[in-house]
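Listed after this line are the structures, all set down as structure tokens.
Two complexes follow with chain A in common, the first pairing it with chain B and the second with chain C.
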Partner chain A sequence: MARRNIPFLRAQRLEQEALTLGIAALIALALAIWTSAFLNGNNLASLQTAIAPNLIVATGMMTLFLIGRFDLSVGAVMGLAGIATAWALGAGASTPLACLAGLAVGLGIGALNGLFVAGLGINHLIVTLGVLYMTRGIIEVVMSGQKLAGFTGFPEGFTALGRFEAGGLQGMFIGAVILLLLMELMFRATGTGRNLLFLGGNPDAARTIGIRRRRVEFLCFVVSGGLAAVAGILATSRVGMANRYMGEGLEMQIFIACLIGGGSIAGGKGSYVGAFAGVLFISLLTNAFNLLSVPSEWQSIVVGGVLVLVVIADAIMTLRKQNRSWGSILGISRFDRILRAKR
Partner chain B sequence: MGSTNQTVTSTDHHAGGTAASGRGDAGRSFGGNVLPLSAIVALVAIVLFATQPNFGTASNINSILFQTSIEFLAILGFTYVMVMREIDLSVGSVFALTGTLMGALLVDDWNFWLAGGIALAVAAGIGFCQGFLVVRFGINSLMLTIGSLLLIRGCSNVIANDLGGRTYPREFRSLARTDLFDIRITIVFMAVCVLIAWGFQKRSALFRKMCFIGENMRSAQVHGIRVGRIKIAAFMASAVTAGLGGIFTASRITHADVRMGLGLEFVMVTAAIIGGASLYGGRGDLRGSALGLLLLALVLNGMIMFDIEPVFQQFVIGALLIATVTFDTLVNRRNG
Partner chain C sequence: MHPDGWARAPVRPLAAAERKMSDDSNILDLNGITKTFGPVTALSRVDLTVRRGEVHAILGENGAGKSTTLKIINGELDPDDGTVAVAGRATTAPERARGDIAMVHQELAVFTNMSVAENIFAGDLPRRGGRVDFDRMHARAAELLSLFGLEIETREIVSRLTPGQQQIVEILRAVRREASLLILDEPTSGLNNHEATILLSLVKRLSDENVTVLYVSHRLHEVLEIADRITVLRDGASVTTLDNDALVEDDLIRHMVGRDLAGARDARARGIGETALSVKSLTQIGEFEDVTLECRRGEIVGVFGLEGSGAADFSEALYGLKAAGSGRIEIAGRDMRGAPPAAMRAAGLSYLPANRKEAGLYMERSIVDNIAAPILDRISRMGLVDRDRIRKQAETDVGRFAIRVPGIHAEPRQLSGGNQQKVLFSACLADRPDILALNEPTRGVDVGAKAEVHDVIRSEADAGRAVVVFSSDLPELLRLADRIVVMRSRRIAGEVSGQDLQEDQIMALAAGTA
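Moving on to the complex of A and B:
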């Protein structure tokens, strides 16, 4: 029997990822040709430092997407972790200790999410949304006596963490990419990665082959919280201040990046490369709007429109995979009959 | 306090007939939590009344009711979308777009009723598109409406920024202050709607069909219920009622504001679930939703009265949301 010739991208389940990456590359190319500011060293550096925290958060979010969950509290966790680190530094803690404090906040909130979702079986949308509100409330209370800029004036040892660069490449960007590649390796080469995909694709079947759903789910939420905290600490050290605005609305950007990059909220679909492509796409789009000085509301129109199109395309492709004819999908039955008559 | 209102005490069997399968208490709990919820709302109100002299003033109570009645307009359709196991997160954006659009048309000297008609028609169109896409392509409504939330919010902000800070015409500003029997017209409307909803939920076959769709869509389809039509109608109703609320809000705040209706969708989800709706469909009660909104308004008002930092409000809303849903889930699991 002849082997079916499956294209590489389909075999590796990278079709949507490749498409998103291609569009992102096109945006970059267009920007490089039409605007002089894009290839400017400053712009490239700020682009990298804007992408890096998003990539780190998206890595955690994609892990949850794989098992059919998501975490809306990441933006607030990022903010609170940055503030906790800054507060610890202000109280005289050493840099590693302060970073640990920030990380502990992230892991703690992640564990709280995990406890409710995995332990008690509460809907993850509600839990992470509630935690988002609660964390934002805590941030407001902590910052209520502070100036708008928040905590500033950090020791050099801490700011060096986010400002390290080598030959035009930002240290935190390289770190984020390495983290992403390691996760992709784990996802493709180890049983753990495949188990995540099983769990998202078919929870019941996954349980029968001995995957401990609750435990995996709990750990994924802890990982997501911890990575959001890492992103918050790095961003704080980069900009040199921790205030209430950090990470505001970030959860939606990351959520959309993961969807555009091939994830599905139903689970069992997606990859870390896809998270990378999605974040790249969103960040380049933001950069393009900034460089062309387009008002920010148009940006939300475009991102929202892209998301709606992706969701519709995804739904149509799913129906096609169930061998529904184009006619019945689009609801033009007459057209359908003509096609069938031809066959 | 939000955690004790889901207790299933009623043995109301009227709605039990259509619940074909699934969580066993879905039918029994219909209307079951309105009484306990009213008791909680009354309790909170009495405590506030007894401890805070400022609470009992006519102007304070009027402003709480007015605020609730405008939000109630937006939760009207939203509740019934949730009954069918769908969700419409774009309500906050449609709310803002409709209000701002009507304001912008009036600033351009359009006829009052024409402008209102066009704004509501746009809202209905948005609702139709969302419903159509969900029904035709089987799209997850959560994903779709997150996209349209951004899209519509962007459109609304484009209009708002075009207007700058200009004040709406006097005719439009006075709309929200219209009184009927010396009470704000939206409050009267809320009271009427709650009474109609009572009848609708108790007697109407349509509401049973909606619960059936929420419980088990496939099975509802097999029984010949026109799932698609009902869903599209519900999405349209949700957008139009949200638009109506937006028009009253725009008239109330008198000028274009980009923060209008921001985060409203999550207040709606919280209030609807406190009021007895479920994310898993098959349940929902407009009376409960109204009480949920009232409870949230009372709690926030009370926090201001007790000098609790207003910034802590977010924390309370979040905690209330999680507590309610946790209790709901645990109770359902025990019974079903």
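Moving on to the complex of A and C:
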């Protein structure tokens, strides 16, 4: 039981976060060196506005990851919140009121998820997958009869929300980073933040130290839904339209970003900095494919491949820590002959 | 209750004065506690008095009623009859659950993803202005750790600690709460000797600081080392409370065992054949170490160990359900260590799991399917299962084991515990194994069915199978086994056979330093 110093990254549990962030930085560096377009103002601006909504959604998703839950409905919620806002604007609502309408949709669906998972104890995968399909269905119903571009032609006041910029920095990007840093501060420094980790690490023991599991779980789902709505509103404002394609497949991207950034579906692990690193990594990879004119199909293959690698490495590390032999980890058994022999 | 109050308690004059004034009142008074679960009486008229400031040990065999008693004290259960008074005042279970009792359960409840300091202060992190005061938290955790002479870095992640250190961290969480009564349930069960020594010195320190400790254990030497008084439970009743004054282990064993010991064994005479199973120095650090055991055809070898002895882990490793780091498991001369259960089965070793509901039976499938499950290969032709053969096999087994069933297509969950166990036995024996490893073969089975299961075990041995029985039911092993191997602290403590097959001898090996 010798006393020794704990390395900073381990003490703060930032090992995987640092790795992912480092790789993302290397990608950025490589792009800056080998492509002329990467440092171009337009590219940097579009990169920022692509990252911003993802960061906001990932902030909500990571909150759930910390307690061992996740939310697959975020992409659809993002879409429906954007459509609700656009619809309210079209019906003559003021910009703040319309945004509130969009936000209410997100909070409402989040509360629904939370009610089913925390209140009724139904598996979060099933609940949020079901809600994803329901929400996509609602979008189809609302958008039937609309043209492909969906709602367009918003008032100046609304579009300014997503298009604000200063000195090459996009307002929504800065906003998303500030939100993320505030959440990181909450997570590191406050009792509420630590309780998320206690809950994710050992739900049964968390109950004995007085953490109200259902309440925390419910609130985390509401936060996730609400942040997805904020992302939807900002994205709608930025592109100036709300259609049925917004947020499609986003849940998986965010899910993967959180895993790559150090989260675990088992809970009790991860950080908002990690969510940032994961989103940054995937966005830069996407950007690299675009700049290098690689067909977009390859993106999915690479992103999925990276995820599988991360998960495999993690699983092998865990098994090795339990003293399992390589043979048993890889399922190579010297007893195959006995197994094949019929007795 | 101040989060860090305990660390400063020794220098708090007021607290000392309070203790003095109430010295004569008991912190805990259990009076005539009775608790039944369905037809089973878990506790019958248990009395227990814990005095303020003492270390009071509860001692008893597996199933003596220790955990039920603790659950009642901790407010997790309500007794059917009797009263529980805390500091002289009668209380209800919810009152006690909310109240001033801190209990460290036998199973670890640490947060392996958090730091040592956060684990100690879990639920009550020191705060300043809405933020967690990490400096103060680490300083206090370090203070608390050094108070007990423990060299653990407070910023270390708990998953990196040894089980012993984790246990200590969890106990410090309870200590930190400065509860008026601290309950430790088998705190050393997962620890090695060195770690257990550290833990005992921690309890002694607590006792020096006037903390009242209720210490539950079956390790005699520990109890004799630290307890002021000892209450012995046996078969759900409190047998006696002894002052720990010139007591020796034999005194305790006599009270723990207490039954009439003679004549329990059945005379068995049969030929014992060649070695079928030979375990050599099987080791998985932290679970079981240097376990060597041999079982011959026609022989019944019992393995006995109290909780935490490693017997349960060893039984699972024997069948490949758990990893074993080194050593050998020889079946017919071939080392099978590391083989998966399917290979063990193919090599002729069959295993009866301890928990038939979770690991044994397919509760939703018919009895026929349950019996057929392990031998689908053999009763299949060209990949198709021969339903006729299964049905015949099932009918034979139902008759042979006298399984009382509505029909062979009934589901196990419709059956009594004893009959479920017999179905499990049929499945276990379906492929005519050479070696049987039976884990708690009669757990949760009524007396009549138990005798029938014992008959089956004996007849299987008579038929030339090598049988290893793992049981925490010592009378059962005494009745069945030709030899009993006793485990303690993860190792083989000794082996008993012939005239020495006596309950007190075995208990002395399992619990004490004999």
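Rule of thumb we're sticking to: the second predicted complex is superposed on the first by the 317 of 343 C-alpha atoms of A that agree within 3 Å, B and C clash if a C-alpha of one lies under 4 Å from a C-alpha of the other, contacts with A are read in each partner's own complex, and residues count from 1 in each chain.
Here, a contact is a pair of C-beta atoms (placed from the backbone, for glycine too) under 8 Å apart; a residue touches a chain by one contact, two chains touch by 3 or more.
All figures in this text were calculated on a predicted structure; none of them were measured in a lab.
Colleague: Mind working out whether A:252 is in touch with chain B, chain C, both or neither, as first, second, both or neither?
Modeller: In the superposed model, A:252 contacts chain B only, not chain C.
Colleague: Looking at the overlay, what does A:205 touch: chain B (first), chain C (second), both, or neither?
Modeller: In the superposition, A:205 contacts chain C only.
Colleague: Under the stated touch criterion, which partner chain does A:189 make contact with: chain B (first), chain C (second), both, or neither?
Modeller: A:189: touches chain C, not chain B.
Colleague: Would you check which partner chain A:298 touches, where first means chain B only, second means chain C only, and both and neither mean what they say?
Modeller: first
Colleague: Report for A:51: first if it touches chain B alone, second if chain C alone, otherwise both or neither.
Modeller: neither
Colleague: Is A:84 touching anything from chain B or chain C once the two structures are fitted on A? First, second, both or neither.
Modeller: The answer is neither, since A:84 touches no partner chain.
Colleague: Kindly classify A:118 by the partners it touches after superposition: chain B alone (first), chain C alone (second), both, or neither?
Modeller: After superposition on chain A, A:118 lies in contact with neither partner.
Colleague: Show which residues of chain C lie in contact with chain A when the two form their complex.
Modeller: 109-115, 118, 122-125, 127, 130-132, 150-153, 155-157, 165, 284-285, 323, 325, 336, 338-340, 342-343, 346-348, 377-378, 431
Colleague: Which part of chain A faces chain B closely enough to touch in the complex?
Modeller: 116, 120-123, 125-127, 129-138, 140-141, 144, 252, 255-256, 259, 265-266, 295, 297-308, 310-312, 315-316, 318-319, 329-331
Colleague: Enumerate the contact residues on chain A facing chain C in the complex.
Modeller: 1-6, 10-11, 13, 189-191, 194, 197-198, 200-202, 204-206, 208-211, 268-269, 322-325, 327-328, 333-335, 338-339, 341-343
Colleague: Hey, which residues of chain B end up touching chain A in the complex?
Modeller: Residue list for chain B touching chain A: 133, 136-140, 142-144, 146-155, 157-158, 161, 258, 266, 269, 273, 279, 309, 311-319, 321-322, 325-326, 329-330, 333.
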